[in-house]
Structures are given as C-alpha cells and as structure tokens.
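Supplied in structure tokens, the structure appears directly below.
Going in written order, the chains are labelled A, B, C and D, and every chain counts its residues from 1.
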Amino acid sequence: MKNLLALLFIIALAALLLYVAANMPPMGDPDNPTATHVIPRYLEGAEKETHTENVITGIILNYRGYDTMGEVTVIFSALAAVLAVLGRERRGRIHAYVDRSTVPSSVIVRTMVRFLVPLIVLFSVYTILHGEISPGGGFQGGAIIGGSMIVFTTIFGLYESSRRIPQKVRFPLEGSAVVTFFLVGVLGMVGGGNFLTYAWPRVAAGLQPALVTWLTVLVEIGIGLGGAMVLTSILFCMIREEEEIAVVA
Amino acid sequence: MGAYRHFPILMITVPLVCAVLLPFLGYLRERWVPRAALVPLSVSTLLGLLLVGKIPAQGYLSYHLGGWEPPFGIEIRVDYIGLFLLLVVCGISLLAMVFSPRYIGKEVSGGRLTAYYVLFLLMSGAMLGFVATGDVFNLFVFMEILALTSYALVAITGNRNAVRAAFKYLLMGAPSSIMVLLAIGLLYSATGSLNMADLSARIAESGYTEVLVVSFILFVIGFGVKAALFPLHMWLPDAHSIAPSPISAMLSGLLVEVSAFALLRLTFSVFTAGNDAIIGGTSEAVSVFAAAAVLYGGIMAIMQKDLKVMIAYSTISHIGYIFLGITSFTKEGLAGAMYHMLDHGLAKACLFLCAGCIIYVKGYRRIEDLKGAWRQMPWTCFAFSVAAISVIGIPPTAGFISKFYLIYGNFTAERWPYALVLLVGAILAAVYCLRVIYYMFFQPDKRGAWEEGGGDAPASMLAPVCLLAAGTLFFGVFSGLIIDSLLKAAAFLL
Amino acid sequence: MPDKSAFSVIPLVAVLLPWFSLVVITASPKKARGLRLWLCALGALATFGVVLSLLPGILDGNTYTIKLASVVEGLEMRLTVDTLGYYFSLILAFLWLLATVYSISYIDHKENRFFVFMALCESFLIGCAFSANMFTYFIFYELMTFGSYPLIIHEETAMARRAGYKYLVYAISAGTVLFFAIVAHYFWGDGQLGFGSYGVLSLEFAGRAALMTVFFTYLAGFGVKAAIMPLHGWVPDAHPAAPSPASALLSGVILKAGAFGIIRVCFNVFGVELMRDLKVHVVMAVLACITIVVASVFALTQDNLKRRLAYSSIGQVSYIILGLSMLSHDGALGGVMHLTHHALMKGCLFLCAGVILVKTGKKNISDMKGIGYKLPITMICFSVCALAMMGTPPSVGFITKWLLGSGSLEAGLPVYVIVLLVSALLNAAYFLPIIYTAFFRWEGDEAEEGEEHHRPKLAFGKEADHEMVVPIVILAALVVIVGIWVTVPGFPYSFVSKVVGIIFP
Amino acid sequence: MRLLHNYHYAAAMLLFCIGLYTVIARRNIIKKLIGLNIMETSVFFFYISLGYLDGGIAPIRTGGADPARMVNPIPQALILTGIVVAVSVTALALSLVILLYRQYGTLDVDRLYRDEDGGTHGGPSGEDAP
C-alpha cells in the first residue's frame, strides 16, 4: 500500500519532469539562454582575466571562488561530522585490533600496489599543479590521492596505511583548503580589492599576471592537500569502525 | 563606501575559518575551546551591529566577491531585511553558544566536545552566508554546510535515538537538497544566469514559463522540507526534541526560519511576486498547507507529554504562520512574517533552552514532572512563561506585534479564512503553553520533586535564557524601532 | 479629542506607581509583614493621590497625553487622560485603595503574591482607563486579564482552580475575538484606532456589513468581561472562589473594564449617529434586557451569598449597556454614571460578605440567621447598599434608575421602564430576604412557645478589624452621599454630564 | 518532438525519479543511500547536458581554440561542487549507518523505526519518512 502510493507519487513526478524536459530549450542549440548570456565573457575573457587557460578552473577558483570556498568548507564539515559521529581513530586501538587487512590478497597484488601507489600520487600532484592549463585541479588531485589510499588500505590494512599518512600529518592539513582560501581572500582585501580578489589593485599592473597565477597555484595546492587529507581521514574513521565491528562480532 | 562594505563577508567567513582552526586549540588546551568559540560569533555580532544604520530600508549593500561584477561573479547582497535576519542569527547563536558549555559537558562525551564547537561554528557561519548571498548556487552550497552540520549535531550525543532521528532527518533532507539542485539547474537552463537580481530580470523576459513553474515547485518542496512545512515536517519532532537543547534552539529558532527566508528571497527577489503565471498556483497551495500546519502543529502540541516534543510541534505550527504571512503578498504580511522570524527565534530558543535548564538540573522531560517547578527554578520558569506568552501572541511581547501584522496582512489580502486560522492557532498555542505555565506555577508539587532553594540552573545557562526572554519583551514594547523600516523594506520588495 | 491637550508625565506616573508595591514586596524583609503590606496600601494611596491631582485640570476641560511607544502610524501606545477615562480611573483608584487596606487583615496566606498582583492589576487598569486608542486599550486589557488570574485562584482550592481555568478560557477566547475586532477596525477604519468625541468611524470608510462586523466582534470581546448574558459563564464561579476584596474589585472594576470598553466603542469609536444608522443598538438593548431579567431570576435561586451577588453584578452591569443602547441623553448619563454607582454598592456588598466569612465562616444565606446582631456595622452597611441596589432614595441606585427611566421615555421606549421595574422588584426579592435573615431571624427563633426566645444583643465591639470595617463604612456612606449631593464636582455627574453633554447637545 | 531531442534531460529526469523511488520505497538503508546517489548522479548528468553544445570542444584555451565552439563551462564548474557535496553527504550518511547498525543490529528501516522508544513520536512513525 505504502509502496503503491510512493509509486503513484513518483509517476506523477516523472510526468511533471518529463513535461519540463519536453519544454526546455533544445539541447546543444547555440541560441539557448545558457549559451548566450554569461558565457561569452567567460570563454573570451578567462585567459586575460584569470590567467588560466582552462576556463573551468578560472570559473572555479576565480569567478566563482566563493562557491569553492563554500565547497571546501562542506568537505571539512563532512569530516567534522563524521568525527563527531564516529570519533577519530587512535593509533593504540588500531594496533590492538587490526594489523593486517581483512581482505586476503596475493603477493602479486601486494607488489603491484606497492609499485602503483607512488605513481598514482605522482599523477595526482601533476593534476593539482596543472589544473589551470589542462583538465584537472585541486579537487581532482585530492580525490586521486584519496583513491590511492583506498587501494592501499584495502590491500595492506589500516595499520600500514595509517603509518604512511599518520595522524600528525593529516591533522594540521585537513583545514588547509579553507584556511588558504581565507588568507587569499583577506589578502585581496588588504591588496585594495574585495574578498578573493586575485589581481590586487595596489600592485603594479605589470606584476598582476604573475600574482594571479601564483595565487591560483597556491589555492590549488591548498585544496588538493586539504581534500586528500580529509578524504583519507574519513576513510580511516570508517574502516576503523568496520574493523571494530568485525572484531566485536 | 567605507570599510564597512567588507563587514558582511567577514561576518560569514570568520566563524567558518575559526571553526577550522578550533581543532588545533582543542589539541593544545581542550578547556579553552568553549570560550574561544565565543570569539568569532562575538566578532560577527559586532560587525553586524556596526552595519546597522548603514543600510537604508529601501536599499541594499552589494559586495562583489573577487571584484567580478554580477552576473559574472558571486554577489553578496544584504538588504535591510537580510541584515535584520543576520543580526537575529548572530544574536541567538551567540546566546546558544554561551549556554552550551555546561550543558554539553554533561551530555556529550569528552572526545566529541571539540567537534561540537567546530560544527556549531560552521553552522552559524553557514547560516550567515545562506542569508546574505545573492547567488542561487551559492545558496545551495551554504545550505549543504548547514544541512551536514545539523545532521551531525542532532546525532552528536551518540545515543541510539539521536542517531536514528539524525538519520531520518538526513533521509528527508538529502533528497530535498537534490531537488533544490535540480531546481537551480532548471532555472539556469531557462535563463542562463545564477545571480538573483539578474535572474529576476531574465525571468521577466524568458519564454520558458513551464520550466520556471516546475523550478519554483521544486524549490518549494526542497526548502519546504528544510523549513518543515506541514506535509514535509516528519523529521522535525524527532530531531528537534532529541538534539541537545542548545542545538534544538538553533534548529528551531533559526534553521527552519532561515530556510523559510530563503524561500521568501526566491519568491520576491527571483520569481518576483507579481508574476502570477509562475508562482500563483504554487503559492496558493503553500497557503493551504501552511494553514494546515498551523492547526496540525497546534493540535499535536496539545497532545504531547514530552516538553521538548511539544515545543517542536509548536515550531511546525509557527512555520505555518510565517508562510501564511509570506503568501499574503502584502507588505504588512511580509513585515509580520519577518518580525515573526525574530520573535519566534527568540521565543523558541528561549523555550528550548529553558527545557535544557530543566533537563540539566533535574533530568525531567515530561510536562507532568514540572508541577511546582518554580519553587526550585524560579528564573527558568519566569523566562519560560515570558517566552510562552510571546508564542501565544499576548501583548506586550513581540509575538503580539508579529501576529497583529500577520493577521492584518491576510486581512488586506482579503484572505479571511487564513486570518481566522491564525486566530485559532493563537488559541491552540494558548492551550498548550498555558498548561505548562499552569503546571509550573499553580500546581502543587505532590511528589516533592522540587525543593525550594535546591538551586536553579547555573548562571551561564540562566543568562542567555533570561536575555532571550527579555528580548521578546523588549521587541514587543519597542517594536516601533524596527517594524516601520520592515514595512518600508517589504514595500520595496513588492 | 478636545482642544486643550497638553503633554504630561502624570498619566505614566499613575500607571507605574503601583509597581512601587512590587518593589516593596521584593525588597522588604520577610518578617515585617505589617510594614510591608501597609507600604503597599501607601502605594495605592499615592496612586489615588496622583490621579486626584489631575482633577482640577480635568474639570477645566484639559486633557493630558503622553506617547509611550509607536509601532507605526496609527498604531501607537499612547496614554491620554480625557474626561471619560479620568472618570473611570478615579473610581478604580479609590476602590483599589479601600480594597488594599481591607486585604491587609483579610488575606492570611501568600499575601506577597496577592498584593503584587493586586498592584499590577491596578497599574494595567489605570492603563486601560488612560488609553488613547483601542490598541493601547487592548494591550492593557489583556495584561489585566492575566494579572487578575492569580487573584481569582488565590485560595488554590479545587473550586478556585476550576473557576480560574474557566476564567482563562473565557478571557483568552474573548481576547482573540477582540484581537480580530482590532485588526478589522484598523483595516476598515483606515488605520484610525484613536478615540474621537463623536466617534471616528463612518460609512465612508467601509460598508455596513463590515462596520457591523467590527461592532459585534467588539461587543462579543468586551461582552465576556462585561458578562452580557450568553457570555457570562465565568462570573458566577469566579466571584465566590476569589477572596472577597478580589471579588469586590472583580465586580466593581474588572467587569467594568469590559463595560468601559463598550462605552468607548459606542461613544468614541462608532459614535451615536453611526450606531443609529447601523441599528446595532437594538441588539445591545435586547441582550441587556434579557441579561437584566434573567440574571436577577438566577440570583433568586442562589443560596451562596457571593454567588447571589455575582448574579446581581451580571444584571447590574447590563444597566450600563442598556443605558448606552437607549441613545438618549439621560439614558447615556444614567448608564455611564452607573459604572461608579455600581462599583460603590457592589464593592461594599462584597467586602461585607468577606467580613461575614472571616468572622463567622458562613457562606450561605440560610446560615446567616441573626448575623446582624453579631456584626451590626457590617450588616447595616450591607443593608444600606442592598436597599440602594433596589433603587431606594436617597441613594446612588435611585439616581441610576431615575435617569435610565427618564432616558427610556426620552427615547420613546417605555418598555425599558417595565424592565427596570421588574428588575427592581427582583432585586428586592433577592436582597430583602438577606436583610430579613440577618436582622429578624436568630438562632432558635423558631423554638416552641415557652422556650428561651430572646433576641440577641447588638455586639458593636466585636466587629472585625478596623482595616476591614472602615472601607465598608466609607463605601456605604458614599452610596448615600453621592446619591444626595449628585452634582458636587468630582462626583460622577460632574464628569459624565460633560461627556454626554457633548454627544447629546 | 522536443522530448526526443532533449533525450538527455528526459533520461536525467527518469533517473531522478528512479532514485527518489528507491529512497522512498526501499527498506534497506544502504539501498536508500544508493538511491540517493542515483538522484545525485542524475542531477550531475542533467547539468553537464545543459552545457552541451552541438559539435562543441572542451573549454580549454590551450592552442588557441575557438571560444565560440566551446561547451558551456559553468555547469561543469558547478557540478564539481555538487559532486563534493554528494560525497560529503554520503560519507556522513554511511557513518550514521555504521553507528545505527552497531546500535540496532539491523539495516531495515521498518525494524529500525518500529519501536519509537525514548518518549518521542514524530509523525505516525519513522517508516513513512522517505
């Protein structure tokens, strides 16, 4: 009965949404509102104004940098929330419970992973640093590091991986994204502009391109480090819980 | 433009950044965390107070982030109504924070203490950002910070009921967020813009009415869940009653109202109120649901045995009031709704904190246990009564003023049935509030549960409670300070 | 409003002065009960003095005004002392002073709470009397509702609680209706909530149906306090349950706050012409007549003295409504003057009932045989007032009845005279038995021939405390004095004739 | 027929409804979370489709690409934020699930919300919350 009601509701919603889809601007048409209103300036001006060849990075970090600041705050909040719910892992307890992975794995897998993870991390560094001229950026790079930690942890267990990125490394870096953004924002104010102004009006016009570029890279690094550390910490928190449950059961 | 144009962004970012830095202090000296957490909120409040008088009732302060003029960059737009709500948020957050240390020390175990303050600061900062922003996507981002932190804060005690309530909240909240995201996508597809001011201009000339209508419906459903508008309220009684009391105060006193405010902003600044083709039908439906909320919340509140659940249901009822004011589309109704956000925030926060005092001192949650409570906790009981009287809407509290304007606004719009519903809501409120007051003051304490001189709550808890109660009185007597400008600002919005 | 309107802080002082008692109660040491309560009485005296100090100016036709707070244009908290408001404040401050003095020896437990709320109620009522517009009136009126609740339940018996609950239910519902009325008035009256000498509303503002809605919601809202018949339910319970001084005030002043509201609505909001246009006075008259007769009949059947007095109050307050509804000079004069007249008489009667209760513990009339010999002064005063209630000259009751009768003839409706006569007869029927029982019956008077059969001796020395007897005597004396020297400045006629004289030239 | 032309949008909408149905109707909370992620993905898909341009190229200026032919970068930028938000919500939801499982020993909503002990009862009971 309840499911039937839900189904009816969903069918009604689907009809409504399909009706909308049928009435939306035709997809891919260059005359759509989305393609004509704000976009031209971004596509034309991003290179000059934000000194990034990748327009998306220009939008993320510069035109809509405030959104991204909110976004890094979101993942920091997620970490704080997970910690509030589960509690942070402690070395001693990890040692007591888990010193090897619960997933059985062969020597081949272990060797390959040992070999691959540094390469993945190297790639992520590339992704972070090259976000402004090619696909990629801080988040993407941070997520790749997080992914590499998932692989590593699955094979070698929490104890090993938490030795690779110990808590005393993660703890100070978790908030680095938000703090970097805030500092860059405040520096923009000090430099005579608004919050998050990269091209400080008080700096000579000739120096501004370099300034914008370096600040962009700085923010990318901050986001990358912060994202990676937050994802890793969340991962460790959850695995620890899993392991504890396994041991208790 | 002096330096004060930077104030709104600092009000928002200072709590957020301090929240990120707080764990370091927690690592070094955990004892100092509660006091340190007060600093950023005080700074925000101070900055907000300094802004008073700088923003005219019929104008706004626009701040372009990164120096990009809208619609290319994100804009923070603080108008008179926005500043008003910013101050409400700052003030109530600050008081709830002052209230927290003693209470939280008892309910939350050691390791999570720092996390509590971090989340609290994130939540306050996100609310400020949510209210101040002038960009719909930015609105979504701050809404998500708000949502995440509030889910976690409901669950923070780790108690099994709390986790269950938080999960229920999440299961309703997360889909609603996605609906908002979809609505933003639809809006963007029809207009190509994300800035609110630009949007309202583009909507006027956009040919895609169907898309806009559905976008508005999705916005209403999405924010309706966050604001606990009647049929979407199921998460509220559990979450608000199980959360630690200062968090209940924040959720009930601010979060639902801020969500209602977002809908108000969207209705008036984006979908422009006169645009009947887009918002006409939906706002009619919202009125009906809001009226149902007033009655349902009131009746359910009367039937409750648990004090905090009763207050939570009363919140559902009062959200109905706010929506009835907004949907009247008159300046009086709108000003009434805004003023109701203020006085409901103050009164609800006060009620929840009073409940917190009682739980802290005695551990009682049931209304029946309150018989004769004033012998032991006179201050708490008096503050509770003042706030309850404001909830009913009896002069000279602020609740009376807002109710007057809400009803008057519905009169002006010739919506007689809704005006009547508002009155009936007041009677229902009288029934459930006076019952508690009656128990507190006039029922004999047969079990001897309360001892005279047994000690009221500690001063750090009583001070915010009494300030909130005094606030409802102050804003009732000196409502002229604000309501005039609110009326002007509302006329400007329309 | 009249021309000579001057800024003055005295209205505000009068409103705030009762709070002095609150300070006294909280600040004074616990042991000094007598000192504390006498200081409260002193506060009431000071309030009365402040009110009295305005008398010369008011008689000169001045008004005094002070703005407290402004919400928006048209909605402001403002105190203005005009003749009508002053007239109400004078009697209420006076009665309050007497009741406070009386309470000092009457109230024997939780006197702190009682005196504090007494004082608060007085403050709010003076606020009502001095209100410059309906908004202010409503605010003080609602405050007074809640301030008077602890007075009613003071005894904290089950009966008192039930009565208090009933009172709250009635009062809050009435408050809601009144709230509706105010919003409607504000809406249709173009934001004009103020009082004007000839009324401020007119058919230019809104249609007949709208104005009638406003009028009837006002009537229903105030009618609960004024105990117009279908809305009177709380009165017969609240009066017996409350301590006697509180009953005296309840009947003497708080019921009148409702009636005063109706006076304001009729004279200063709607105005006589508009009422005549809308024909709303007919409804008022019918309700008032029904109330007068039916309440008197109910009073007959009550054995509990205070309950009988309560029903009597219900009937008497409707005299005011009846007087207003006649829309004639004498009728209005009689009705408005009855406000004070009834306060004097009924205040005295309830205080007497209190003495009886304290000295003998008797509540029922049938138990009061020979009580006139035990409490001679009290019962003589009681008899004076009871006779006045029936309309026996020379007394204030007679003045009322005379004016109302003359007013009904002026309005060309002699049917009211019949109602008045019936009412006077019924009054006699329920008051005379009390006097008879008190003075002409005594314990053992029905004994057989030959047994001991002697009339008790008058026991003047064994009366209650002076604090209780003196107010009673003063009130009883005033009932006669005001009934003889009607036109002395400061007595009701001097104010009411002025107000009514403007409206019915 | 616009709907056929806009088949990306139609697919996104259908996915959205499927996800919502999963959230509402499924009893297993892990499946509910999967439904939540389907909803999120559908919206991401919707956004990216919004930016599509017939014959468009990636919005990267390297090598002097023609700006007029680039796809709309805004939805991509926005959805990056959206993805992060989705990850965060999922992380929190999963940690709540871990805790719930530890405390109740079940992942079934009906059993989870069957006994509303603790003196509160929001609505009829938990299960009609989606």
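Things worth noting here:
Just so we're on the same page, contacts are C-beta pairs under 8 Å (C-beta built on N, C-alpha and C of every residue); 3 or more make two chains touch, one makes a residue touch a chain.
Note that the structure is a prediction, hence the values are computed from the model and not measured.
Chain B has the C-alpha centroid lying closest to the overall centroid of all protein C-alpha atoms shown. Two chain pairs are in question, B-D and B-C; the one with more C-beta pairs in contact is B-D.
Averaging C-alpha coordinates per chain places the centre of chain A 75 Å away from that of chain C.
One simple way to say how far apart two chains are is to compare their mean CA positions; for chain B and chain D this gives 27 Å. Centres computed as Cα averages put chain C at a distance of 69 Å from chain D.
Centres computed as Cα averages put chain B at a distance of 45 Å from chain C. Among the residues of chain D, those in touch with two or more other chains are 16, 20, 50, 74-75, 78, 81, 85, 88-89, 92, 96, 99, 128, 130. Those residues of chain B in touch with two or more other chains are numbered 137, 141, 144, 148, 151-152, 155, 158, 163, 188-189, 194. Annotation for chain A: residues touching 2 or more other chains are 17, 20, 23-24, 34-35, 38-39, 42, 64, 67, 70-71, 74, 77-78, 81-82, 85.
The part of chain D that touches chain A in the complex is made up of residues 1-3, 5-6, 8-10, 12-14, 16-17, 20-21, 24-25, 49-54, 56, 58-62, 67-68, 70, 72-78, 80-81, 84-85, 87-89, 91-92, 94-96, 98-99, 101-102, 127-128, 130. Looking at the complex, you find that chain B touches chain D at residues 137, 140-141, 144, 147-148, 151-152, 155, 158, 160-161, 163-168, 170-172, 174-175, 177-178, 181-182, 185, 188-189, 194, 233-239, 241-242, 305-306, 309, 312, 365-366. On chain A, the positions that touch chain B within their shared complex are 16-17, 19-20, 23-25, 32-39, 41-42, 62-67, 69-71, 73-74, 76-78, 80-85, 87-88, 171-172, 174-175, 178-179, 182, 185, 188-189, 193-199.
Residues of chain A touching chain D in their complex: 2-3, 6-7, 9-10, 13-14, 17-18, 20-24, 26-30, 34-35, 38-40, 42-44, 46-47, 53-56, 59-60, 64, 67-68, 70-71, 74-75, 77-78, 81-82, 85-86, 133-135, 137, 139, 231, 234, 237-238, 241-242, 245. On the side of chain B, the complex with chain A involves touching residues 6, 9, 13, 16-17, 19-21, 23-24, 27, 63-68, 71-74, 111-112, 115-116, 118-119, 122, 125-126, 129, 135, 137-138, 141-142, 144-145, 148-149, 151-153, 155-156, 158, 163, 186, 188-194, 202, 206, 208, 210-211, 214, 217.
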